[in-house]
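Presented below are the structures under discussion, each in the form of structure tokens.
Same chain, two partners: chain A is paired with chain B first, then with chain C.
Right after this comes the complex of A and B.
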């Protein structure tokens, strides 16, 4: 069953188009990651799906219905800012959220205590936000960069919980610009400048994109030479990588600067594919 | 330093609300209050009663404005008219004539006394002037009931004006919008605790006013409580409406202050409504404090019965309904935007 079905979704703010002609389907039991740099249109897309923003064109259906008070009963949402009351305790936040959905409140995560939530570490605050979003057993979970700023162990635990939900049949939509989060999804949708520029698994997103890899003892010289030649370079350890660059152009730039280097071509990483998509 | 000054001017130019508060509002206030800030009462509604009433009708000079002539009327009729605020002066036109004055209208009373003293050809004591309800013309008796309304307006409007805007600033409003809550649930939920605190506040300041300033309470407690409840709903609703119109807590406080000043100046708390020109007076009739003052002064000092307070009660109920209705409508844009097609400004880069 389609938990989310968005067709030709478009949102304009005056002359600026934040989201253009986006199609997106999320089936129950599936985790879909919407990946893109800041400004790609991820949050605007998510806000339209949640019914927080009216589309300028196109339509959204949640469980076959337009977003409404009834569909909201079936949604669990964890915004990037968590959406919790920082001056209330974890238990009080959970109690309010449970009452709004008409269910019994879940127990607060261990260690969250009775003090104000704002005094807890970010990881624990996120755990409370997840507990609040999950306590009414939503059929659709919408997560905006759900594990940013969370320590690795706590992040792994949060992803376990997300997988549990998907395993139990919930549809999960995750928007993120973190590759680690994106890789947890069953399927990815890559956005750039408000449009969908890639779909599928990580390999599908990367597709034929490649990067020139420069190995050299003088990596700083190589980096400077590439930059001087107008070639966008990144450092990965002591290697210099140039996603989407022409091998011969890199060779000429390094030769002109007299930097000794060994060049090769390698498949682009997901990050590089995203950067290339954003630059198109 | 130059750079700092330039930067401040640029920010100020873009902050239209502050600019309005600093330039337009003072000008507006000066013009409006210039017409209002006067204690001299040009027209005093007057009733003439008794056998000589008709004969006297055309003889009274300014500021007496005869609105009721009743040859059958007695002293009881006169007191009832004053208690119901139908008139401020009631003349019992018998020999010797008695002039009953509503002492809760301080400035009208003084103008009436001065007018009587200035009547030519009358021997001293020829007219018996009797001040009812506030015979000592105590300022505290007039101001304390009105101050109860003033304090509640300040506390109620300012505090509730921060309610919704705080949710917006802290990002919890978005979470409310994805919960299955109706806008009216949220508004009622927001107002209810402040309403209860407001009731307690009202009880405390009323008790303090009665005990500390020796203000009489001659009317009915149920009438006072009913009026207070309607008034609280109106001022709290105004606070929530301001909150829905503001993006930050600073903006909300600015707006709340902008609504406070006219209430102080135009509600009749300080300057009598009867001395205001109609070009300004109509604003007074849009303010909840105007009606609350009519109710509390009536109940405290004159034991005005509820059937004589129909207009202020109805006006307060209508104002409460309008501000709360507008607040709910405004709130729908935040909580159920799917029904509201509008073109907001672009979202911040980090939010996309």
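Right after this comes the complex of A and C.
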């Protein structure tokens, strides 16, 4: 069953088109990640899916129905800012959101105590936000950078819980800026300038995008030579990488500077592919 | 001169914030400190910036005016324009003016068209770029950047890392913190902090090679306490090795080190 089905979804703000002709389907039991730079249209897309914003054209169906208060009952949403009251305890936050959905409150996650939520470490605050979003047993989870700022083991534990929900039949839509998080999804959708520009697994998103890799004993010399030639370079340990650059242009820039270097072409990383898709 | 700390301990009242930290921050290198919220990253960076006094240990750092420091989520004075923020830094550092270096840094970061914009009207990523440009402007011997890319989108993050690399290429000792391990792979040297202690440290390759035993990729884990998700599949730590071992990522290694620290099964 399709938890989300968006067809030719479009949203304009005056003359500006924030989301253009987007098709997106998320089946039950599936985790789909939406990637894209700021301004790519992720937030506008999410707001239309949540029913907070009307589309200018196209349509959204949630469980086969137009977005409404009834479909909202079946959604668990964790915004990036967590959407909790920092002055209330974990238990009070859970009671509040349980009351809003008319269900019994869940027990707070272990170790979250009775003090104000705002004093807890971010990882525990995120665990509370997640518990709050799950109390009404949603069929669709919408998560905005769910594990940002959390240590790797705590992040792995949170993802175990997200997977459990998908395993139990929930559909999950995640937006993220971070590649560690993107790799947890079953399927990725890359947006740029309001449109979907890539779909599938990491390799599908990267597609034909490549980077020139410079191995050199003098990374700073190589970096400076590339930058001086107007080639956007970045650092990877002690190697220099130039996403989307022309190998011969890099060779000329380094040759002119006399920096010893070994050049090769490698597939772009997921992050580099995102930057290239954004047109930079 | 290499900067850094040895045997560093910091406590706030009864709380031990950092315990036994050794870290070198040499010129011309990007050194990354990675950890979750509360791991001690900010305290360590504040020690290097001269804002927190250690309880024990030695701290080697440049004179105060030779340090460029960017606190978390700062990015300039909100009520000043981009140009005014840079003029303020130039005046405070007694530079003759903002000069060509400022123009160059603004061009590189795409901030040049926004010179007259108030910092508060910039996007989050632009404000972080402004903050890093401000810290870099006086060409400090050491640049200390606390989570410059947190909450920043991938395009601005790429610009920020170009700036960070530029500072190191120009000879600065760069110390940068992050909550994300995929960022640590850009640094030449990484220390992962957990609860105020160093969990693993070294070049990204050394850290990856330090894994005790093996990590395997499986459909279903045999010991859930030693397993974690990677997409629809599982990764599992086999402390005694395994012939089907895969090449672990930095994230895998840090998860294993955290599990080992948690269960007391460390080497």
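Assume the second predicted complex is superposed on the first by the 279 of 280 C-alpha atoms of A that agree within 3 Å, B and C clash if a C-alpha of one lies under 4 Å from a C-alpha of the other, contacts with A are read in each partner's own complex, and residues count from 1 in each chain.
The criterion applied here is as follows: a contact is a pair of C-beta atoms (placed from the backbone, for glycine too) under 8 Å apart; a residue touches a chain by one contact, two chains touch by 3 or more.
Note that the structure is predicted; figures quoted are calculated from it, not measured.
Asker: Aligned on chain A, chain B and chain C: do they clash or fit?
Answerer: These partners fit in the superposed model.
Asker: Could you look at A:169 and tell me whether it touches chain B, chain C, both or neither (first, second, both, neither)?
Answerer: In the superposed model, A:169 contacts neither chain B nor chain C.
Asker: In the overlay, answer first, second, both or neither for which of chain B and chain C A:227 touches.
Answerer: Only chain C; A:227 stays clear of chain B.
Asker: Looking at A:38 after the superposition, I want to know if it touches chain B, chain C, both of them or none. Which is it: first, second, both, neither?
Answerer: both
Asker: Vertex at chain A, arms to chain B and chain C: angle between C-alpha centres to the nearest 10°?
Answerer: It is 100 degrees after superposition, to the nearest 10.
Asker: Output check: A:122 vs chain B and chain C. Expected answer is one of first, second, both, neither. What do you get?
Answerer: second
Asker: Scan A:81 for contacts with chain B and chain C and give back first, second, both or neither.
Answerer: So A:81 only meets chain B here.
Asker: One more residue to check, A:267. First (chain B), second (chain C), both or neither?
Answerer: In the superposition, A:267 touches no partner, neither chain B nor chain C.
Asker: In the overlay, answer first, second, both or neither for which of chain B and chain C A:178 touches.
Answerer: second
Asker: Quick check on the superposed model: minimum Cα to Cα separation from chain B to chain C, whole Å please.
Answerer: 5
Asker: Does any part of chain A touch chain B in one structure and chain C in the other, and if so which residues?
Answerer: Looking at chain A, the two contact sets intersect at 38.
Asker: Can you tell me which positions in chain C touch chain A when the two form their complex?
Answerer: Residue positions touching the partner: 28, 30, 35-39, 108, 123-125, 150-158, 161-162, 164-166, 168-171, 179-182, 185-188, 194, 203-205, 228-232, 251, 254-255, 258-259, 262.
Asker: Looking at the complex, which residues from chain B come into contact with chain A?
Answerer: These residues of chain B touch chain A: 170-172, 174-182, 336-347, 349-352.
Asker: Taking the touch rule as given, give the residues of chain A at its contact with chain B in the complex, in rising order.
Answerer: On the chain A side, the touching residues are 12-14, 16, 18, 38-44, 50-54, 66-70, 72-73, 75, 77, 79, 81-86, 97, 100-102, 142.
Asker: Per the contact definition, I'd like the list of chain A residues that touch chain C in the complex.
Answerer: Spelled out, the residues of chain A in touch with chain C are 37-38, 121-123, 148-157, 159-160, 163, 177-180, 183-186, 219-221, 223-224, 227, 232-238, 271-272, 274-275, 278, 280.
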